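A short worksheet on the structure shown next.
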């Protein structure tokens, strides 16, 4: 029976392997070392790799992320944890104006091989300020790369690619997935001896002919549940596409699918206005207008700041029944 | 002959009138008082109103904007200048997590009647870090309001509304427009004795039947030039819609126009990925799918960080010929 | 942390403490035990899955909120971080609204929208309850700015942790406070740790964290928070400086958190502190016990009377949990309330244009 | 500002200055006059509309960049803000690439993509040229972190203005620098003003701005920048601290900008400083004149020889303007180059998926 590990452990394997491969790789963040990480994603790494490679920082996101960006200009490869991606708000200038633009403003003389990572999701009862989902914001800037793995296998394979990538990579995880188990091949089971998943290649998680459900991150799981319901209860065969990376974006896979199904819904846990789904919907109608039998639809977080109250927070985020209803409205 | 004043003077009139109307209104920012403003928008106001109402701040955007937000909770109504909107990056946490979310997290016990204002445009040779156009980012958060006046009359009328509004208003001006002249009625020429323009009401700048050009801010001017060329050179009658405010949004005016013209192009000076145009394009195809004779198109800033080199910076931003070409591709 | 401090001197005869009636002194005790009882109950129900998210408990630090806030008058304001239950009860919020908020109920102080980290009571000059570390420090400055702008004689007490001093906004706030002569009092509740990181591992300093204020020519003081008499005596000086000179102060008050950073940390993960250290603080530096000793020594109350207060507090807490349990959750429609003032108040502006984009 | 400082003592006999050969001393002069000539020429062409955006001139401050950077070795690095021409020429960048950048030409140091505020020369350990006030301060820290991580004995000099000290990132950087023992030297070029705001109106301080460092237990010093001997002698101490102890230092160097904040401010709008003040600095504190006096007094050069150096510098500047004029603008396609390393280098990753979204 194939090996199953959690999303959390898959990330840790990626760190451990990359720390071993490249002495320039260093993990930094609040509580990532001695505390083993607020969500235990870096558990055991400090004990194994020590103070130089696994670094605890003060609560100074702008300071330590800017420091990592500066160090990356000298060839260090910092993998920096935001305990919550929500905290990018205090480091935003360093992230976008320095990591995101220094290459361009220097005429290509500089590049910043950094990874900024952490959970970017709502649904955990921590309120509006701790529930940011900034993938649309990050991806709106040329120069940035945005990765949102939906499962443990992708989390490992994409993290290894992120650490080796020579551009700034914004890597968005989910506290709701950290503890979930998935099949993840061990290195001896994969060709080349390690699991690497390239950026810009979407994954068709389920084939279908009647409708295309497109999503990233945890929303992919929600789509797969909805697809099962659609087939079982309504005989509708939905294709489910996991973007994996939002920038670079695998547009071809999306457009080919819609050309086949003629119907599309984008599902995301972010807010609707200028969300990732808005961009994808624009592209679909713009590129395969004549293939569409119905307008592109979206299912997003309900358009208000993240609410605390547990039962309401649950319905503020996309869930399968909403996707099914939306699908029935166009099928 | 009707009165003509500059965009800059129109804003100053709005400040002066609101300072006189409400003693809680206070202007703050870097160089806004004794220096008369980096772009002279607040010229003469410190001399007239003094230290209490017109306040110079240190270069601490997070600090003084957070201070203004805190003061607004006690009923002060700060109008805070970002010398460039680009500098929101260092104050982002205060803007979005405090001004943008404290009302929600307090169950409606608090509101923040603030205005954050300044120029948000490229095209002036200041490079990537100084050329942010964050209207899509600001508008993506429920709780925020976003205003982008395209002319002096709107600048005055919308600023007066912004200062009286009880929610946080992000007011985005353009250095490229500050010196331009427009007809702006003096108060004795307008019913009610003052010029007030409500949020959420788009302005049809030019009527047309063949195509709808939708834009905000300076891009509206570019659209009007393109519309003239389309009519003169190709006999195409383009309707031009100025959104004025992006959130709240006047969707009805957009949809009615497209239902009439069956073709739409969104023009903006921001970057394409998850831009305002992506949201509008999604909405158009979603709400009036059957009215569309062609896919919704967009003309945006070319998708790279803002370049310095003057001739290239000029072509990186939308200009009439590009809009005309895009129009011809669907008309 | 408290251990770094000499045992607090006797401040009972400071004028501000001389003013205290026996009843006042009993009330101070009552407030501390109410906070402790409230949090013990909330912990029970958190473990019982009645709430979500984080629960940052204040147990061990009660004397700081109770002592400082007991000095405030009608134009004095309070703002703090996410460890906000103690301050909330100290300003006079009810256990019911606070407990109901934890349960996510419509009867909560924030209608169930904010949760543990986001308590607010503007009617009691209490401005939260903020989750972003140090994010409240410019807001506290703004409260002081508002007081001065309106010509009111008041002070804004802005609480922050020992880990929060390393956020840039705090420093920007100090410069502005000194430059604009604002009546703000920053109170660093130094419990020795930011999550699992000791002060030594998070902050560079000379004699202490508060000393950073001197670079801005701001008055500062470091003292132990275990004895309410000392907390009141030393804090009063800062409040008078705010009231009479409109000048800021930075106070660093040594205290100790008994429980984990949040309940998730109940095991003090990674052994960042020892069982012995915790037990020593509980045995020797419990602010409730210290105050109790004062009351008994002064003959203000008997053991029995104090036991009675404990019991009443516990009963009140249990009743608040009942209240929370029996309260309704907010209605789904309420998700879209409290986003825009103009929409909530059905003004013309609130009706003009589209504000929400659910489809 | 310089006037607040006692006239600089004689530091000529500091060991580091004793090491200077007559040729070295002439080269220091040459560098200062080259910077001045370059900027005078750039001003002419800015006024002649050959460039866009801002032009922040360094004239009056030359001794700071030239003096400090003259101390650096192969593992020492430099980063500064937008007033970056002086530092660029001091690290050895050519007038041609710098002038062409102002003209927005493909031959510019940043291929015309960065402009005046964004000069870079990693091959000369020069990391910019940054437009966001204090945004470079964590980057400078990162350079020091990189040096230490790689086990190199070096220092990172990070320049900032007197107005930049009020940005939170600078303070976060100071705490990290002290906590992690990083070899960074922060050099506050205090020219008395941030745009139209005097130091007194922007900053609260005790004796000076650099003193804020003491709150982080960081060594600091304040001194006048008009005499290169003093700049070198005092800065060398900080560099040795970085090299030998891997400890940070904050230096505040009093200097003065002769021209407006940027050319847009040529009228010193709002009269934030007087004509007399400017003229006094030009007459009494001109770093080029101060150094010239040293050279003449030491008999290292004659007036005539120095005039010759001025002329050569001016000719070099004029030639760089010719070079810039005759250089081509970047090709439109180049707008999409230098965005992603992986795309520029045509790697598999750069070819996988869509990176640009123009339609």
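Per-chain residue numbering starts at 1, and chain names A, B, C and D are given in the order in which the chains are listed.
Following the convention adopted for this analysis, a residue touches a chain if its C-beta (ideal position, glycine included) is under 8 Å from a C-beta of that chain, and two chains touch if they have at least 3 such contacts.
The model shown is predicted, which means the values in this text are computed figures rather than measured ones.
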| item | value |
| --- | --- |
| A-D or A-C, whichever has more C-beta pairs in contact | A-D |
| Distance-maximising chain from chain A - centres being C-alpha averages | D |
| Rounded Å distance between chain B and chain C, as computed from the means of their C-alpha atoms | 40 |
| Centroid spacing, where centroids are CA-atom means, of chain A and chain C in whole angstrom | 36 |
| Approximate Å spacing (C-alpha centroids) for the pair chain C, chain D | 45 |
| Where chain B touches two or more other chains at once, by residue number | 58, 60, 62-63, 89-90, 93, 97, 104-105, 127, 129, 142-143, 247, 271-273, 279, 286, 298, 303-305, 307-308 |
| Chain C, residues touching no fewer than two other chains | 110, 112-114, 118, 130-132, 135, 166-169, 172, 175, 179, 201-203, 339, 356-357, 359 |
| Interfacial residue positions of chain B with respect to chain D in the complex | 30-31, 34-36, 38, 56, 58-60, 62-63, 86-87, 89-90, 124-127, 129-130, 271-273, 298, 300, 302-305, 307-313, 315-316 |
| Touch list for chain C against partner chain B, complex | 77, 79, 108-114, 118, 120-122, 127-132, 135, 137-143, 145-147, 149-150, 168-169, 172-173, 175-176, 179, 337-342, 344-345, 348-349, 352-357, 359 |
| Complex interface listing, chain B residues touching chain A | 89-90, 92-93, 96-97, 100-101, 104-105, 127-129, 136-137, 139-143, 247, 271-279, 281-282, 285-287, 289, 292, 294-298, 303-305, 307-308 |
| Touch list for chain A against partner chain D, complex | 26, 52, 57-58, 60, 62-76, 93-94, 97-98, 102-111, 113, 142-143, 145, 161, 165-167, 198-201, 245, 247-251, 279, 286 |
| Chain C contact footprint on chain D (complex, rising order) | 166-172, 174-175, 177-179, 201-206, 211-218 |
